[in-house]
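Quick one: the structure is below, and I'll ask about it shortly.
Order of writing sets the chain letters: A, B and C. Residues in each chain are counted from 1.
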């Protein structure tokens, strides 16, 4: 495990170094990505300008939700976002050559062509998160839950990226379904669940537990009652959801790799 | 001209072989559409005439947006991505020595792709949206005709922008970067995340003047009947203007790139 | 126990294809490899040949753990490759001639450096290996060049170095000479021979260039349509194909067709005559007989055309495997 992390960093840093060989391009990307990802939050701010609150939540509270899910997907995208390209790696035969190296395949796939511009999203989400966090009444339990929230959120998105990418071991045309769950999951959790009908919220809690990325822990941290009156222990259950996601993703990856059929040439 | 039609037809057919991808994409569009609808309903429930839209306009706008995402390739993709790939691999030299212009060739291909995406990923989510929510449809047949004419123009504008991003591959190591930045800009300034009409004053003026406004806001306003009579003509002229400007810019950049390739030998 | 053991190995692919005329695609099973059994000992150099689509690459992919066999058993260095792929990777080297395992956008040097780190080879060992291979394969001037700017032959040499830096016990080469010119091929063969001789590296090589095999391999395995049709020595392959060698005799004067025991005269052209005899028979008695009964000006012996032999093997129906059973 530690070896895998070290290998990941080595491969990634090589790519960072390679991209630093073109500093102008690098900085343009870094700044550009940062500004562009920021537009995402501007959109929410624009919506909130027209109303006092959204589903009973204020701009700072929504900023907190936004920052939390943003951090989750940003970390996951930073580490494993590249797995989306699995299909292409299969087609070009790159995966074959990776499989002959003594580094776990997933590490190689995710670290391949590591692009430092993905840090921009982490930074952007962090800024919104920190800004929104200044409006929270912090206590020790809340701080702990906040840490747990960001870790669980990252793990959930990590698992979504990896698990859904596995479908590409069977069919190459599936990347878009993955988007529905990863970026769709991110989008749906940018807003308070109270905006959505109860059935959708229940589905996002019990069927595909994406609401645990931020909604339940945030209710705890913000000291809010659950608008749907669901049990309070859910607010502390994010690590369980994350573990379930991770288990499913690991299983999918194992099955996928054993099913892998390479290409004909 | 027949050549360009053939190129477009081929692109259409090429995309139509990916049935699985199309279905997956329709599903994705529906998911995003539903999420946005609930958010907009909440906003317009609290402020019933934000930006001059009512709730029904807003929900219709969402599904028009989902229909246009792939048609104008907001996130990038289409033939300019193929070109970027060919620039990186060096195959572009073959394109440069073809007796037909690169721009016309790739534009035709992209229009073929757009036609396919409009018929599948444009139509299907709108139908789904229409079943789930109360949408508004243009009554006047003339409006439909105008819209039909507006879509290829919007695609051309988008093509021009994507092409410019792809052409950076001649100079930059990381051509994925500019394309991605363009995607983010397009997502916001096309009005896909929030309708441009509810942006605050100055930002709104700016966004309405940028080429991305042609992707969704202008056609949607025609659809929703927010633009009538002369304003429709104005809208179309705005779209056509951007299309011409961007194609000219592409031609100029391409010309410079060509000289560079000839000098460097690929 | 042998270093590589394969028994009753089978791999099928389910493909969807349009059976002619039908509108819908149908699922069909392609048997890429069927009932393959062989063993390779440490230090051997084995040529693995067969026509296009015979199943060579599929076999190599199973031996390296990339593909999981449909059935059958593989043991490489004592382990099942698909189950212990990453562990085994340290002990083997693989070169796929059609693709590169180098990092496309990075200079060769960076690729080698990264390989050093991920294989965790001893730094001193890495340095000496790198120096030696770079010297032998003449890559010194190219180390700072990004891989995508290398020519095919240069890249192939880079790939071979990359596959060898960690001192693998086994080197699999899938069409390593594809697209190389004659000089590069020759150098590469020389290099591989030295590798096997000096380091005892076991080599398994697939190729369509039979000169590779003649230059390198004592043993050949021939496969066709996924089935093994021959496993044995190169000489044995000649027998198998019923191949014959030829004596070309230049007589001092024109003469009627020569008659000697053990050989048949095939062709006469002025003073030159062609006599053929079984490839496994000795040429000595024939030459001796010729020398005593005729005025010979010059004489040479032509080896049989191995391509001819292989062609004969391929054209046999796949259901009757031949060659010595291995194991």
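Basically, a contact is a pair of C-beta atoms (placed from the backbone, for glycine too) under 8 Å apart; a residue touches a chain by one contact, two chains touch by 3 or more.
Everything numeric in this text was worked out from a predicted model, so none of it was measured.
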Note = Using C-alpha atoms only, the most centrally placed chain is A
Ask   = Of all the other chains, whose mean CA position lies farthest from chain A?
value = C
Remark   = Per the C-alpha means, the centres of chain A and chain C lie apart by a whole-Å value of 47
Task = Would you mind pulling out the distance in Å between where the CA atoms of chain A average out and where those of chain B do?
result = 27
Ask   = Whole-Å distance, chain B centre to chain C centre, using C-alpha means?
value = 53
Remark   = Among chain B residues, those touching two or more other chains are 173
Request  = Could you list the positions in chain A whose residues touch two or more of the other chains?
outcome  = none
Ask   = So which bits of chain C are touching at least two other chains?
value = 105
Ask   = Which of the residues in chain A end up touching chain C in this complex?
value = 7, 10-11, 14, 17-18, 92-94, 96-105, 113, 258-262, 265
Note = Given the complex, residues on chain A that touch chain B span 19, 21-22, 25, 28-29, 32-33, 36-37, 39-40, 42-43, 46-47, 49-55, 115, 117, 171, 173-177, 179-180, 184, 187-188, 191, 195-197, 200
Parts of chain C lying in touch with chain A, wherever the complex brings them together = 13, 57, 61, 64-68, 82, 85-87, 89-90, 92, 94, 96, 98-101, 103, 105-106, 110, 113-114, 117-119
Query = For chain B, which residues count as touching chain A in their complex?
reply = 18-21, 24-25, 27-28, 31-32, 34-35, 38-39, 42-43, 46-47, 50-51, 172-174, 176-177, 180-181, 184-185, 187-188, 193-194, 198-200
